[in-house]
Amino acid sequence: MLSANGLACERGERLLFRNLGFELGRGEALLVVGGNGRGKTSLLRILCGLSAPVAGVVRWRGDPLSKAHEQYGREMAYLGHANGIKDDLTPMENLRIAAALNGRELDIGTATAALERVGLSRCMDFPARVLSFGQRRRVALAGLMTAGALLWILDEPLTGLDVEGVAMVERMIRDHVVAGGLAIMTTHQPLALDGLTPQTLSVGE
Amino acid sequence: MIWNSWQVFWAMGGYGLYVWGSFGVTLLCVVAEVGLLRRHRLQVWRRLKRMKSWDIQ
Amino acid sequence: MNLYHYASPSTFYPLAGKLIPWFAALAFLLAIAGLYISFFVAPTDFQQGEGYRIIFIHVPAAWMSMFIYVVMAFWSAIGLAWNTRLSFVMARALAPTGAMFTFVALWTGAFWGKPMWGAWWVWDARLTSELILLFLYVGVMALQAAIDDPRRADRAGALLNLVGVINVPIIYFSVKWWNTLHQGSSVSLTRAPSMAQTMLWGMLIMALAAWMYTIAVALARARTLVLERERQTEWVRAQLEGQP
Amino acid sequence: MLKFLFTVIRRDVLLAGRRRGDWLTAQFFFVMVVSMFPLGIGPEPGMLRTIGPGVVWVAALLASLLSLDRLFADDYRDGTLEQMLLSPSPIALLTLGKAIAHWIINGIPLLLIAPLLGIQFNLPAEALWMLVLSLAIGTPILSLLGSIGAALTLGLRGGGALVTLLIMPLYVPALIFGAGAVEGVLSGTGSEAHLSLLGAFLMMSLLLAPWVSAMALRVSVE
């Protein structure tokens, strides 16, 4: 479904990596590994189409990303370093507006269920400003669940989460992949996906 | 020859300040640009050479 | 792919190095010829006396300031369309020279205006547009200077450059319109009463000299930029063995 | 398509409503800049009437620039901009929506305040109407062209001052036609020509600016 070929990336005249490629199908996960500053985040940003590689091409369902903007936008969900949460809006508003921007209706019931699943049932009506960092991360994860995307691209999904939160994310990813989804992630913490071994891709020498 | 002497030439019929002010500043700009360019090039050259000798890319 | 061959930095660098002295020499010779015409061939103007000789730099500088902006936009468009790095480098190398000519056009305009209009600055349509052109140059250079990542700096500058070039005619038209409504000056700098043949020749030769100068300086600046950007490559490291 | 556009506009208006302090700052800036001129120039009514249209227009430029540097910057910082860029809709629609929202938030209040300021400058009633009309056509241009500058300077040090430097020269035609229209009323030479030229400039900005600022956003976010 998702394939990358001969990717190269440069940051400020420095070559981060080149000739990187992989192939990912339904029900498969990919773990991107590599030390700090090796270009993991850059790779994920290329894969989700935010930045263009210096060389190489990323294809979704056979089409290069530049031609598949609309479809890819519907079928891919990205969770970056920043949570993508507006501090002035409540978690509920955040979820619903994010869905509307993606061209989906999200009714209050589904949104409530998602927020309950990530353990935020008590702070649904506070502005996100008063939430802790971990709680805001959970709002972003609830957004990921309600996005209904086929491909998840997660940049350090475990940062800022407590033990219980980590277990929750691991369960989320596993369920998603087992149900036939695709997941690409980076992490510095060990990730236990309970019977699922992701492919690994090493970035940088 | 339309100028009888250098004196007349420099005076420019009373417009000396304006004519030479214009031409002079233009010359100054050109000289300054070329000078700055050369200096910058030498600086870059030295820096790259130093970096190479340290073998830092 | 012949074009791509010349667009490669490692080919460009030595080629530009060979071309620069020729353009510089041409610029020098043409400038001498132009200056000779402006001071020794062109006769005294019966209306403006000797003061009109300023137009031999003012007009070519004003032409250059506009041409260079358009040429920059051309390179920017090519760079954005085909993703050729050298085009961005050329666009960037031209900007300071363009700003310099704009400044010269403004300065000489003021020095011409003082004896003719009695004021260093009048809000004449041409001078005003020239001033705004200077702002546009400053904007592009400031933007490129503020961005650290060269790739982003190139593209952002190129986009701004293209927006600017679309706007320049509109700005010129609006300023002219504004000027006629507010009773602008009746004397125009470029439409001297008797545009004699020799004057035209003088200005053309000076403009040609300015072109050659611009090419030489822009190539030299582009060379330095290429050197900086390609510093990890083998050919630059080999270059560094020689003399600057 | 249109739904996305409306969602972007509604979202930005909602957010501005949650942050009324920032919004009021720009409006009071406008009022204060305009009020400084008589203090600097003197209270002579004839003189004030001559400079009035120009002063109000220049202050409108400055006020819109003041709020522009945050057009994309806030969303960039908290990651919502990335999410919006990845949405299925064209990015030009996002930038268009953002510019329209900026106009609703910052442009429309200017229209309402401008007549009051015009009275301070002894403008007659017809000139006041023309001032509002010219600002109504002109301020969307400020938001549209400004969005290009905001996108280009996204995340840079000193972004605010830089936006001013980049965009101010591009505002020149809007300023000339806008202030000229009001002056046409004052001097009795008519202002239809000014207004149609301003309208043409608006149409052009509307067609081109969203595309350019979409490209600029892609370059800046990369």
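Observations
Note that the chains take the letters A, B, C and D in the order they are written out, and that residue 1 is the start of every chain.
We take it that a contact is a pair of C-beta atoms (placed from the backbone, for glycine too) under 8 Å apart; a residue touches a chain by one contact, two chains touch by 3 or more.
In this text the structure is predicted, and so the values were computed from the model without any measurement.
Setting chain D aside while every other chain stays in place, the touching chains still form one piece. Chain geometry summary: the mean Cα position of chain B and that of chain D are 42 Å apart. One inter-chain figure worth recording: chain B and chain C are separated by 16 Å, centre to centre, where each centre is the mean of the chain's CA atoms. Centroids of chain A and chain D (each the mean of its C-alpha atoms) stand 36 Å apart. Averaged C-alpha coordinates put the centre of chain A at 56 Å from the centre of chain B. Touching of two or more other chains is recorded for residues 57 of chain B.
Contacts with at least two other chains are made by residues 14 of chain A.
In chain D, the positions touching at least two other chains are 222. Which chains touch which is summed up as A-C, A-D, B-C, C-D.
On chain A, the positions that touch chain C within their shared complex are 10-15.
In the complex of the two chains, the chain C residues touching chain D come out as 80, 132, 135-136, 138-139, 142-143, 146-147, 151-152, 155-156, 159-160, 162-164, 166-167, 170-171, 173-175, 177-178, 181.
Looking at the complex, you find that chain A touches chain D at residues 45, 48-52, 69-74, 76, 78, 80-89, 93, 97-98, 100-103, 127.
The part of chain B that touches chain C in the complex is made up of residues 1-3, 9, 12-15, 18-19, 21-23, 25-26, 29-30, 33-34, 37, 40-42, 44-45, 48-49, 51-52, 57.
Across the complex, chain B is touched by residues 39-40, 43-44, 49-51, 53-54, 57-58, 61, 96-97, 100, 103-104, 107-108, 111-112, 114-115, 213, 217, 220-221, 223-224, 227-228, 231-232, 236-237, 240, 244 of chain C.
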